[in-house]
Amino acid sequence: MQDILNDICKTITAEPNKGKVASYIPELACIDPEQFGISVALPDGQVFNAGSAHQLFSIQSISKVFTLTIALGKLGDAIWSRVGREPSGDPFNSIVQLEHEGGKPRNPFINAGAIAVTDAIMMGHKPRETLGEILQFVRFIADDNSIGIDEKVAQSEKLTGDRNASLAHFMAAFGNLKNPVEQVLGTYFHHCSISMSCEQLAQAGLFLVSDGINESTGFRVVSAQRARRINSLMMMCGHYDGSGEFAYRVGLPGKSGVGGGILAIAPGKASIAVWSPGLDSIGNSKLGTQALELLVQKTGWSIFGH
Amino acid sequence: MQDILNDICKTITAEPNKGKVASYIPELACIDPEQFGISVALPDGQVFNAGSAHQLFSIQSISKVFTLTIALGKLGDAIWSRVGREPSGDPFNSIVQLEHEGGKPRNPFINAGAIAVTDAIMMGHKPRETLGEILQFVRFIADDNSIGIDEKVAQSEKLTGDRNASLAHFMAAFGNLKNPVEQVLGTYFHHCSISMSCEQLAQAGLFLVSDGINESTGFRVVSAQRARRINSLMMMCGHYDGSGEFAYRVGLPGKSGVGGGILAIAPGKASIAVWSPGLDSIGNSKLGTQALELLVQKTGWSIFGH
Amino acid sequence: MQDILNDICKTITAEPNKGKVASYIPELACIDPEQFGISVALPDGQVFNAGSAHQLFSIQSISKVFTLTIALGKLGDAIWSRVGREPSGDPFNSIVQLEHEGGKPRNPFINAGAIAVTDAIMMGHKPRETLGEILQFVRFIADDNSIGIDEKVAQSEKLTGDRNASLAHFMAAFGNLKNPVEQVLGTYFHHCSISMSCEQLAQAGLFLVSDGINESTGFRVVSAQRARRINSLMMMCGHYDGSGEFAYRVGLPGKSGVGGGILAIAPGKASIAVWSPGLDSIGNSKLGTQALELLVQKTGWSIFGH
Amino acid sequence: MQDILNDICKTITAEPNKGKVASYIPELACIDPEQFGISVALPDGQVFNAGSAHQLFSIQSISKVFTLTIALGKLGDAIWSRVGREPSGDPFNSIVQLEHEGGKPRNPFINAGAIAVTDAIMMGHKPRETLGEILQFVRFIADDNSIGIDEKVAQSEKLTGDRNASLAHFMAAFGNLKNPVEQVLGTYFHHCSISMSCEQLAQAGLFLVSDGINESTGFRVVSAQRARRINSLMMMCGHYDGSGEFAYRVGLPGKSGVGGGILAIAPGKASIAVWSPGLDSIGNSKLGTQALELLVQKTGWSIFGH
């Protein structure tokens, strides 16, 4: 495995076209696109790293997997009255579908859906409390208490967050936000600004590898059925309108973030985190996807084969 | 396995709400909604049946899996210049996305995409020749030369096929059909009218279970990579705007048809065909989906767990 | 003329179905739907009234005619880089078109367009200053210094203005708002909350009757060409996705507001204001439209005949 | 008037940028873009011409005014159950709105709407009979029996008419066509291929100038109310998604055709026909619009002033 990762790292760092770093969040715009990291965490607790696997980066939309997991724990299936579970076929920040479908976002991984999920888990609490809860959960599943929020990134998002504010107010107009819009957005911007390394992220994904149990710590995080369902949502909706492409090329459930990270799950086999800040035109990590494609070719981990 | 299928059959036939039989194709509208069949074909050649597993039914859109496979064989990746591979988020017969995206259908499993694929495999040949080729392929992968086309259903579709004619002419206007519209539609209506039993269908899917090889016959149908990619497309797009729901509930790549059939693939494990003519509001078999959900619960075959 | 208005008033007040009072602005929801007023102002200064023509009501979107006139005065044709001049075919608060056309509203009379126009006339000034300017202009054209803003209505709009906030943030995300969103919305909500009577409103419209000159006061407000162009915009876009219906039935340029008022212009003949709080399904005054239809039938004032 | 037209003719023919001749109908693609004609017909029977006012050209969508008039005569208001009367905000050949609104076109002047109107006036008759009727009507209102159909253009449209075939089949799928699609399209293509000169066209429009009566012949064609309503529809929908622009610049009800002609009505004053084959990006005659703008400036005929 270590050899495989080293190979991938060599191939990826040699790629001339690294994609474009997200420019609409100023704090992310100045990240060096040359960086690359990959971590593979196995159920038995082993972790293999290559490249800048310990470098912290902004997990951005990958946090949506964690907030969805929390929401399912708190509300159960009631969350599905607030958000759907179908691919949207639209960009991450599209508002068209919201108007056509009465303010109910298609799925929890597009921005509108994740804002609705954030609202759902607030349950009348203040942003600070909700963020504390989210952070505690992420630290728990990653088994690492050092994980925190990058306040500079959170502020930077806030300043340029008009598109998300538009989505939030739109849902509020349909009664699909219960807490004040400002507070929901503040909470959303902050949990998107959690900083993690590839290694931490790979470990945080382990509960999705083993039917809800993090086998390295022995803790059950969610039921087997719920773990499988979260994986199915990552598969169908984890890469916005590039989800089909990711399924076709990589063949694993995965969730990307505009910070350049991707968390991918090979059920029964491994939790994988990659990071390369340059994005493709849809907003998914260009070389991160390529690294995962190489990894799956070398390991045969696609869930569509055997 | 036989006990599991018998149990499922008992549960499903006892369900009071069977959904609604497709009404827009007259010949299908008169099918008895009480019928149910299920077949599970294992790579080693064993087949388990329950209910009306030998009853022939119209496979309808399930044929799109076979025409896509043929198109990939003939054109390779060039087919992707004609059709995309993303979930559409729209109903099976929607034309909106076609206008917004210049006549290129989102994926090969919505009607527009399947019509484009049908056009692509015609390559200037007459409908009769193309249909011969499709039928030959289906007979080959199912290892059953008795499979044929129900001409009554084909005629019935033709009479009510204005929506598909609209899609075809729209693509033709953008130069995305090379053969005469009438001939492409005739070919399309006919391959949708192939009649198969659950048992035949399950056997036809075996090459997708074992990385491209039908292990019971020993024939390689497609490469391992291609088999995985076809599975990924079935997962992402096989149930129209109900694909997310199917992934969430069943967790297997699958393709439905308005005849009430579903072909589902459990990679490495089994090819499954179910049939129940009543449809849900999206156009997928209501009890067929439920039967697959039960089967996956009992066997643990979800590709999202281990 | 007085007889005509009395007749219309009698017919309208006898109508059993008055439409539905706008419910989404609480302060407007409690207006008595039984009220009706009509005023006809002639270029020579004569005004004919019937019903509650002196009752103040919230002019709401009719204020968009005045802010557009101010914006044209301040920016000239440069305003058209910020907003289009085509009917939208969509409801007044739709956001779909904004996403498809990069944050540029179709015309100045849908909500998004009017918010952009409000932003344009602020030019860095505070809401209070801009509102002062708008109010001064309305008092000037109506020749009535008693006209003011209903602060309760303005607060009421603010509380329920999520849909407008969504539109504003969406445009801000595309750089099509220059002032802080909160301030633009505050200004917008306030100018929509101007209270006027039918008589005041009819007088305010006189400059559009006589090619830019209010002949009763002798003041030129805008050039002849500009007056005609404002009329053309009222004709094409003044009733949202009911503009075609209004043109068909009434045949005059007009602008409606959800307060139940309509300002209609018969070029060379009269400025007409009607008020009936009940709305049709599109959000235009149901009986107000009917009153104008009757007036045009009796006077032959349609601009489509002679 | 003759001097005005000569001036306009001089200005227009000196314009270097003539727009682009419609390319999608081969027979129209080879028209010389340098040609220009203008005719002004007064109610008293006088006609003023300049340029190639006697040159025949393909009236294309201008024929939709005549078929709508016929349909209103045959069906009365019942036609409005088949087609709406709102601007669409979409291009002439868009299908998106049709899907969103159940196969009912927004208005009779976009292609879909005109096809539905053509179907409505067929009433079970054969294309030849219906065309005879349309031609007879056009000859009657223009008082000129020499008017005919250019069969070459009709054939040319048929060959490239996939977009219109798509619209027609789409409506047929919703039950909004009663006659066979092929026959409706054949009739539609043929009435679009009527050839007229500016002079003939201007005379054909006279009934819309004088509240339904052609005062030069003395014949009443439609009621005053109907004439005004047809004018309102031309105003609101006559130039597709450029209708707002035409209202803003010209200020007259008008209907354009991709052959480069425009028929404009100044109620009570004149019927005007212009022809310049080069089109703008929306599909309306570029210099034709400019000529009308000049004419209205010189005559003050805008319906929005006095």
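Order of writing sets the labels: A, B, C and D. Residues in every chain begin at 1.
FYI, contacts are C-beta pairs under 8 Å (C-beta built on N, C-alpha and C of every residue); 3 or more make two chains touch, one makes a residue touch a chain.
Please read these numbers as outputs of a predicted model, since none were measured by experiment.
**Student:** Relative to chain C, which chain's C-alpha centre is the most remote?
**Tutor:** Looking at centroid distances, B is the chain farthest away.
**Student:** Counting only Cα atoms for the centres, state how far chain C is from chain D in Å.
**Tutor:** Each chain reduced to its C-alpha mean, chain C and chain D end up 32 Å apart.
**Student:** Between chain B and chain D, tell me the centre distance in angstrom, where each centre is the average of that chain's C-alpha atoms.
**Tutor:** Averaging C-alpha atoms per chain gives centres 47 Å apart.
**Student:** How many angstrom lie between the centres of chain B and chain C, each centre taken as the mean Cα position?
**Tutor:** For chain B versus chain C, the centre distance works out to 55 Å.
**Student:** For chain A, what residues touch not just one other chain but two or more?
**Tutor:** If we look for residues of chain A contacting two or more partner chains, we find none.
**Student:** Assign the assembly's chain-to-chain touch graph to one of these shapes: line, ring, star, complete, other.
**Tutor:** ring
**Student:** Which of the residues in chain A come into contact with chain B in the complex?
**Tutor:** Contacts found on chain A: 84-90, 97, 106-107, 209-211, 224, 227-229, 231-233, 235-237, 241-245, 247-248, 251, 253, 267-269, 302-306.
**Student:** Where on chain B is chain D touching in the complex?
**Tutor:** Per the stated touch rule, the residues are 94-96, 98-100, 162-163, 165-170, 172-173, 181.
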